[in-house]
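Below: a set of structures, written as structure tokens.
In the two complexes that follow, chain A is the common piece, with chain B as its partner first and chain C second.
Right, the complex of A and B next:
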């Protein structure tokens, strides 16, 4: 039998993590399912669990001039209902699971789970999200893109806990989010797309594209984006094929029970095309 | 094993248990509350729905640890309220119950919605029910029932 622990304060959690190796569980909506056994049998955790869902001091959403700060324990529904949440983050949360899951699940949990199909990740990558990570004697900040290192792999030490998401404010002219799944709610994506752009005086000032579930991590290429920032909208439209071609080699999806690689690749490229068409129409 | 204390259907309960257990198993096996049911067991069908601090959650993916010191209401507890009576009558009148397996979850979803939004639109009702599956596919009648409950129960929520 595992020796699990309920932490009710951040300090208690950090001290416990410093002394013992735990698997961290927030809402539990992924962890319970991934480790479940037959009905009535004990959950098949291989490690002791530390439950952090009841740490109130990590349950907040606030802002300053530059950033939005979301505590690691803030429930998805709270983020959805907040006035300071960016529209594109609301768009993705509204398509994440269902109200019942959103009342307990957290963004930090979705990040810690590090699934290539993690719904919120595609938008958090787009927004250049950073994480605050604490241990008993240290606080560090890391970009989300550097934190997730592979399928279900994260750069978190045994004594550390994600405590905060830091999301820089953006002023996109428009945003575009698409999740492709078999059902609107409670579905794991076949793939997903998030895009945002800023146009001033007919010039592309910012252009960002992120793709989910078509590679081992979320795809976001600043190199490609840079090539198309600074040009005019007409030039972007003229070079549409070049942009799509640039993404083509990065998209390396797999076959699984939800979809297959041909479909995923084709739809991913189509969504980039559709995103550029939206810029053209605007 | 740990001592867990929480409010269950208006009574404070205490138990010594493995805190990794699913709330669904605790409710059914330890408290004989069989209103919440196991449908899919993975958070997709809503048959196990209960209220946690007045909001709908799936008890099949809620660890017992996460309810320590919190308030849980199951369909059994909710059925003693006036709001339940309104929802129940509306479901009966609009034909919102067919085989009945999803109904406790649907009623919990309706209460969670109306508690937050007493005058929901059709679209808001459909979003609120998006985590609840009815395999008899009687969705339209359930949406109509919740609309009717909102009207008949004016002032209750």
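Right, the complex of A and C next:
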């Protein structure tokens, strides 16, 4: 039998984590499925569990001049309903989760699960999201892209908890998200795409591209982006093929029960192409 | 008298919406044990040795040694053991039930069982033909001698999973000498007859009761007999109530699915017309034959689709492979063939540079034409006016032309189709021999005693309405309880679009007799099926009238294809059906929407495949069926065309509404991408291949 603890405060959770090794459950929408057992039997957890879903201190969304802060325990539905939330994050929440999921799932949980097909991750990578990580004696901040290290692998010590998402405020001319799922709702992505750009005086001031489910983690390359920042829109359009070629080697999808690698690769490149066309049209 | 088609509230709306309806899993019996299935972990081979652990008190293992009757599940082709003795022919083949009061403990016991196998290389290719059918019509193959040219194409269809909401399940319990099962089933007497054989029991010692059924779609036609036999063997031995209900993953991995099919057509073209048609059809039975021969027959009989072709040479094979057994699924062989023939006729017209619509309309079947088996379409066929209606309401002609522009990525497709109502051939007369009873009660009510199951399609409503209408009494004065084999006669299985037409026809006859004797206090009227005399069919030679009646339909589907991601969006559908006469319009509209969604899903969305004999999509996360968002506004028109022997003229509608979906959506996608489609489902992955390398 596994032991389970329901933490009522952040301090209680951090102390418990400091003393014992637990698997952390927030909304449970991934964990319960990964550990499901037969009808009428207890959830088949394989290790001791700490539930953090009742910690009120971690349930908030607020902002200051530079950033938006989302507590680790904030439900997707709360984020969706908030005026502070950037539109692109609302778009991704609406596409990734059914109403039932939205009322229990959290972004921090999605991050902790670190699925390469996690839709919210694509947008959070695009927005340069940072995480606040706490242990009983320490608080640190880390970029999301450095936190997720592989398929379902994260850089979190046993005594640590994700407590906060820090999303820098941005000013894009246009930003958008596209989920390529097998159907229009309630489905795991075959791949997903997020792109954003800022144009001032016909010059590309910022350009960002993120791709999900086509590599072991989300693909985002600031190096490639930088090569195309500072040029004019016409120059970007002229160099469209060069940009697509730059991403090509990064996209290494797999065959699985949901799709195949040829499709994922080609559509990923098509989505980049479509994104550039949108900049051209704008 | 008021028109019977006018809709009333479904009688089970309230209990289903409120949640008070009792499904199998809702039934709790004092002291009930749970059963789980021990399954093979190899695809082909033999069990060399099996060692069971010492069992704690109150736990049991039931295997082939406990089967007192014949260790074979009684289906049409008796080749499936209840529990395997040695031979393993597919992955997860059932070996034993492990039974006890605590599920956790059962799981632990299953983990402790050690099985030593002699493993063999599984056969996955379609080479082991176990059934081989052939028939011809007219001058058969000789038509090809006179051909100006021959056009040939291959078509392919995949698995489809029934995806009923409620998984398969039974609860069994002893009642004195009797073994009783209550479960989620379509065919109480299939289960009962299988149990009699498995237990080696007398008829009166076996009882089967239907609980509320949460969807079936053919999946609960023959498969429950396997589970039922296993559980009955256990109940008889242990003498305690036992529950056997599958989890979703188990259900998807081990239960029967729609047969994948490969169809090769050759057309002999003479004077720009189809003079002769040759078809070679293969279907994958999986590890056992079961119903596959009958499924193949229905596919072969549908080989000309809704058209008349004078000269035919038709052959088909059932292939056995070491994969999960396939079985009944709404449409039963027809959806595979209807997809193939609809595409083929379209492709022939394109190759001949003839307008496909004119080409198709010129060969649509007419009254008194000969069917594929040289029977006669005796009743009027309304297809010309139905096609005209579908074209008009969908604005088909203009859209088809506009969408041929390759830069638009929109498309519209139209399918013509029919479905033979009732059992194939002389099945109703020789095999099923349906019997119904109707009881007039002391307090002036009528009770319907039949084995037909309401699995959501509305039988409880339509039958009560039918009887109430004839007797001119209120629907509340007609009783129709869930079938219980201790009380109802064998009116046959709830399959093959036969329930209203055949069973309803018998009930209507019994009701009219009751009406004449209504003044009598209490009595029962019994009726047995009588085949219309003109129906003659020879199963060996495939000659004669394969069905007593045919329902007809036209589907139009409009789509948009995303040129970046190749995803398909269903924009709108228009359907026109001739189901004889609707006993309740809204219920037929329900069949129409659900059937078409399932048919379209089969055509573009529902991907299921096996990898080396292992089903890849084992849950509803990976097996994608359409949601409400994926579907669209669906417009449906019903045409009355009464069939003399159906009640109020009703024919079949349950399967008809599915069979035209796949070709309609496939043709719409062809129109949108200007490439030929040869297989379903037409997934974005396939569309990508077609756009890159497909034939115009």
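Keep this in mind: the second predicted complex is superposed on the first by the 282 of 282 C-alpha atoms of A that agree within 3 Å, B and C clash if a C-alpha of one lies under 4 Å from a C-alpha of the other, contacts with A are read in each partner's own complex, and residues count from 1 in each chain.
By definition in this document, a residue touches a chain if its C-beta (ideal position, glycine included) is under 8 Å from a C-beta of that chain, and two chains touch if they have at least 3 such contacts.
Please read all numbers here as calculations on a predicted model, not as lab measurements.
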Inset, instruction - Could you look at A:206 and tell me whether it touches chain B, chain C, both or neither (first, second, both, neither)? - result: neither
Inset, instruction - Identify the partner contact of A:128: answer first if only chain B is touched, second if only chain C is, both if each is, neither if none is. - result: neither
Legend entry - Which of chain B and chain C A:267 touches, first, second, both or neither: second
Inset, instruction - Check whether A:186 is in contact with chain B, with chain C, with both or with neither, and answer first, second, both or neither. - result: both
Inset, instruction - Using the superposition on chain A described above, determine whether A:39 touches chain B (first), chain C (second), both, or neither. - result: both
Inset, instruction - Check whether A:225 is in contact with chain B, with chain C, with both or with neither, and answer first, second, both or neither. - result: neither
Legend entry - Partner chain(s) touched by A:97 [first = chain B, second = chain C, both, neither]: first
Inset, instruction - State whether A:6 touches chain B only (first), chain C only (second), both chains, or neither. - result: first
Inset, instruction - Determine where on chain A the residues touched by chain B overlap those touched by chain C, and list them. - result: 33, 39-40, 42, 184-186
Inset, instruction - Flag every residue of chain C that touches chain A in the complex, lowest number first. - result: 25, 36, 103-104, 107, 245, 247, 564-567, 569, 605, 607, 616-617, 621-622, 624, 626-627, 629-630, 684-685, 688
Legend entry - List of chain B residues in touch with chain A within their complex: 1-2, 18-22, 25, 29, 38, 41-44, 46, 49, 52, 55-58, 60-63, 65-66, 68-70, 109, 112-113, 127-128, 130-132
Legend entry - chain A to chain C touching residues, read off their complex: 33, 37-42, 178, 180, 182-188, 190, 257-260, 262-263, 266-267, 270-271, 273-274
Inset, instruction - State the interface residues of chain A toward chain B in the complex, per the touch definition above. - result: 1-2, 4, 6, 25, 27-29, 31-33, 36, 39-40, 42-43, 45, 49, 51, 53-54, 77, 94, 97-101, 103-104, 184-186
